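One structure below.
Think of it as A, B, C and D in the order they're written, each chain with its own count starting at 1.
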Amino acid sequence: MSDTVLDAAFFVRWMTAAAASVEREAGRLTELDSAIGDADHGNNMQRGFVAVVKVLEADRPEAPGGVLVAAGRQLISSVGGASGPLYGSLLRRSGKALGEAAQVTREELRAGLQAGVDAVAQLGGAAPGDKTMLDALVPAVAALGTSFEEAATAAEEGALATVPMLARKGRASYLGERSIGHQDPGATSSALLFAALAEVAK
Amino acid sequence: MSDTVLDAAFFVRWMTAAAASVEREAGRLTELDSAIGDADHGNNMQRGFVAVVKVLEADRPEAPGGVLVAAGRQLISSVGGASGPLYGSLLRRSGKALGEAAQVTREELRAGLQAGVDAVAQLGGAAPGDKTMLDALVPAVAALGTSFEEAATAAEEGALATVPMLARKGRASYLGERSIGHQDPGATSSALLFAALAEVAK
Amino acid sequence: MRMLINVAETVVADALRGMAAAHPDLVVDAENRVIVRRDAPVAEKVALVSGGGSGHEPLHGGFVGPGMLDAACPGEVFTSPVPDQMVRAAAAVDSGRGVLFVVKNYTGDVLNFQMAAELAEDEGVQVASVLVNDDVAVTDSTFTAGRRGTGATLFVEKIAGAAAEEGMPLERVEALARRVVESSRSFGVALSACTTPAKGSPTFDLPPGELELGVGIHGEPGRERRAMMTSREIADFAVDAVLEDLEPRLPVLVLVNGMGATPLLELYGFNAEVRRVLDERKVPVARTLVGNYVTSLDMAGCSVSLCQVDGELLRLWDAPVETAGLRWGR
Amino acid sequence: MRMLINVAETVVADALRGMAAAHPDLVVDAENRVIVRRDAPVAEKVALVSGGGSGHEPLHGGFVGPGMLDAACPGEVFTSPVPDQMVRAAAAVDSGRGVLFVVKNYTGDVLNFQMAAELAEDEGVQVASVLVNDDVAVTDSTFTAGRRGTGATLFVEKIAGAAAEEGMPLERVEALARRVVESSRSFGVALSACTTPAKGSPTFDLPPGELELGVGIHGEPGRERRAMMTSREIADFAVDAVLEDLEPRLPVLVLVNGMGATPLLELYGFNAEVRRVLDERKVPVARTLVGNYVTSLDMAGCSVSLCQVDGELLRLWDAPVETAGLRWGR
């Protein structure tokens, strides 16, 4: 598996699977955001990924990097909120790091996503432990060095690990101590992205 | 009993008993008004009779007529709503009809109250059967020819009889058919007035 | 009780103190419950006085000022004021050219203003009265209390206020006010009941998923309860109910009025539907006002009021107004 | 769902159509979600652009017009707009003298406006940004997202808008806006949660008889839940929270702001208590505004914002403004 090469079609399947998963889980994401945020994360992700699937269907980019750049741009232009620029930059920067290559390895994808995650950290000023999407993204990208499955598991565990955390960034931080005991919606949607990735890689 | 003469002190006791009864039943009056009106009849009556008791304590009129005129004026100046001018005119006109006499008989009181009821009918344009205070007042005043007890009973029965009526005057009329099945708050407070009268006459 | 109050008994008095603090251009007599524009009486001007139960803010106190009312008399919540208030207000604002009482058609308001008119005339003030009865949900008949006065009160106070400001005599101001009444109709809808401070619980029980059609502004239930409707369906129903009674031959003023708890976002969305129906019915719109103007405490819901206007009424509508609740022109 | 809507998905688009119908002096691009004053770009004038999630009306669209904003960009309900909107707005209103972005401090607004600023500058528009962060319920620290932007946004948009209207250059308008931010603090209280169209149920569960202290304007719970307090107690708590952070040495502007579902009658009563506390604390009041200006859909509750003003800020506050939501002067 480690040597599988991933082409643009794979990345389109990934985004499509992510869109389906976000669609399914939108209610839960909004519910989580309702507890410690403003009850829109499910809708935001849904609106964004519907747009992503549409743009990828319209003009199929030929390279993996192109798919992620197009997806990221689309998220930036259609989501809004905190998650729009953050997820948008994650994918756009990852895609830029992948360059023009028609095919990439899992290791190249890992390195690309690492660039994307760095962009998220830089843009939002958060660090792991702040109860944000980074708590799922950072361990997931690290585990991608081992396998797609491990990355999905690490993302899921990272999302669960946000429950006892006190939020220091994003809206949840306004709640102070009261943010403790709730799972972060953005970390949860990040886990969905990596679950979708593992699913299409099977 | 029919020949008992009633002095100013009797009328003050009547107004005081009415105030106590309105105080006790204010919640129920407002509840009734909530069903087919605007949920303020209890408060209106309470505010009015508190003011009546206060004014009668301050300057004790010497004649029965004076007591009712003062009470009626006070209701007009402190209640507002439909019930303020109507109850105010009822008492004021009744008092005027009683004139300056230091004592009045039950029959004179009946005639005086009849003048007051006529004023209510003229002012509000309602007739018995329209689901208003008149449905208690009219039979009560008629029965006062027999006894205080009979008047109280007639008022109570008149109030109960408003339940199946369709309201044609006052706020309840806005509900049309939906006003049927509820007891009129104003008829109910009228029954309280006559119950208080029978009580102090005992 | 989800209320921002001290105790029910002082709600109106507290609000009047708060109005006084916010609006130095008003004289607020909290004890006698009269709100008067600071420059009253305005020489050579017919004065406008209105009033009614509290709980409909900004009506009426928020409409006191140049170009609209000279004084307002707030009663207890949903309870007509007492005659003493109107008499005092009339005396404070009369410049000698007379006073017009703008009265919403409710038995209580009618009787109290009527008594006040008699008393004020005894004191030498010339008084005329106009009765606003715009609510088509209530059948107009001499055997009933007649149509309620609701949203159109704003049209009457604005247009008659402008006429008075222009220096018109009492008969003309009164005639204009009456023309506005005849040209105006309204229909209201509740998505929730309101809670009065005195009662402390909703005035009626409306389960989510249902709505009341044909409600007034005092928390009374409507003519009919139905399963929840969309904004589009409500607009069709309300506008058609109004048009059936009004049959305008001239362009209309549109008031899309919130009952108090419906977000402005939703009121604007509703206005889009109201405009659509009017376009479909080929009724031209001259002006539109969207917002919470004639409210019913914290009721969710809205009303639509239309007033057909000729050139004169439109000119008076557009004339400058400078009150807490309505301001434009220069 | 007690909402006056068609479907959740079209709430913002419907509202924009309704705004367009109501306000001929605005150009409302419902598709691209930009609201622009009709006479833009105004020659030789610095332009002001703001925006944020919908659900806070009249903020921001209701503040577009002479003396305040040149354009507003409404996002989905409680969701920051996307950069494309601000870029389009900036291009539409820039007269060549530059554009000031007024941004409420939320991660989403900050990031989207930041991206927009970069893109707009790529297109040759000079952009400055000011961040509004007035909510003292949130601790200000570089380790957190910092204080939220709430009611004081109105102060900033009004005063910077007046400065721009006077012809001041971008740096001065920006400096003034920053001065207003530094001079302003707010504190909010919820008596009920709000219901977003997308969720269809209250964003949090607040039993009657309890209230949330220190809430924002997006339906998020507050810092602390307590047993219901009186208007008097809430005013003491809120004003003292603000004063602790602000310590004004100058007279203040007071905004007693309703969250959407609290009757104006109650807001005025609350204003009486706010004024009482300020008097007790010996803080002179220059001007007071009471009403629903920076709302949170149908949330019951209120916020208090104070802004200490010198002669210049007060003059700019008093300067004429002509928008749907705020109008005065001549």
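Definition applied: contacts are C-beta pairs under 8 Å (C-beta built on N, C-alpha and C of every residue); 3 or more make two chains touch, one makes a residue touch a chain.
Just so you know, these numbers come straight off a predicted model, no measurement behind them.
Separating the centre of chain B from that of chain D, both taken as means of CA atoms, is a distance of 53 Å.
Per-chain CA centroids place chain B at a distance of 31 Å from chain C.
The centroid of the Cα atoms in chain C and the matching centroid in chain D are 29 Å apart.
Within chain B, not a single residue touches two or more of the remaining chains. Shown for chain D are the residues that touch two or more other chains, namely 77. Taken as a graph of touching chains, this assembly forms an open line, each chain in contact only with its neighbours along the path.
The set of touching chain pairs reads A-D, B-C, C-D, using the touch definition from the header. Put simply, chain C touches chain B in their complex at residues 53, 75-84, 106-108, 111-112, 114-115, 137-139, 143-145, 148, 196, 198-199, 203-204, 216, 218-221, 223. On the chain A side of its complex with chain D, the touching residues are 30, 34-40, 42-44, 47, 76-86, 123-124, 168-171, 173-176, 178. In the complex of the two chains, the chain C residues touching chain D come out as 1-7, 10-12, 14-19, 21-23, 54-55, 57-58, 62, 77, 191-192, 208-209, 211, 228, 230-232, 234, 256, 260-273, 275, 285, 288-290, 292, 295, 297-298, 300-302, 322, 327-328, 330.
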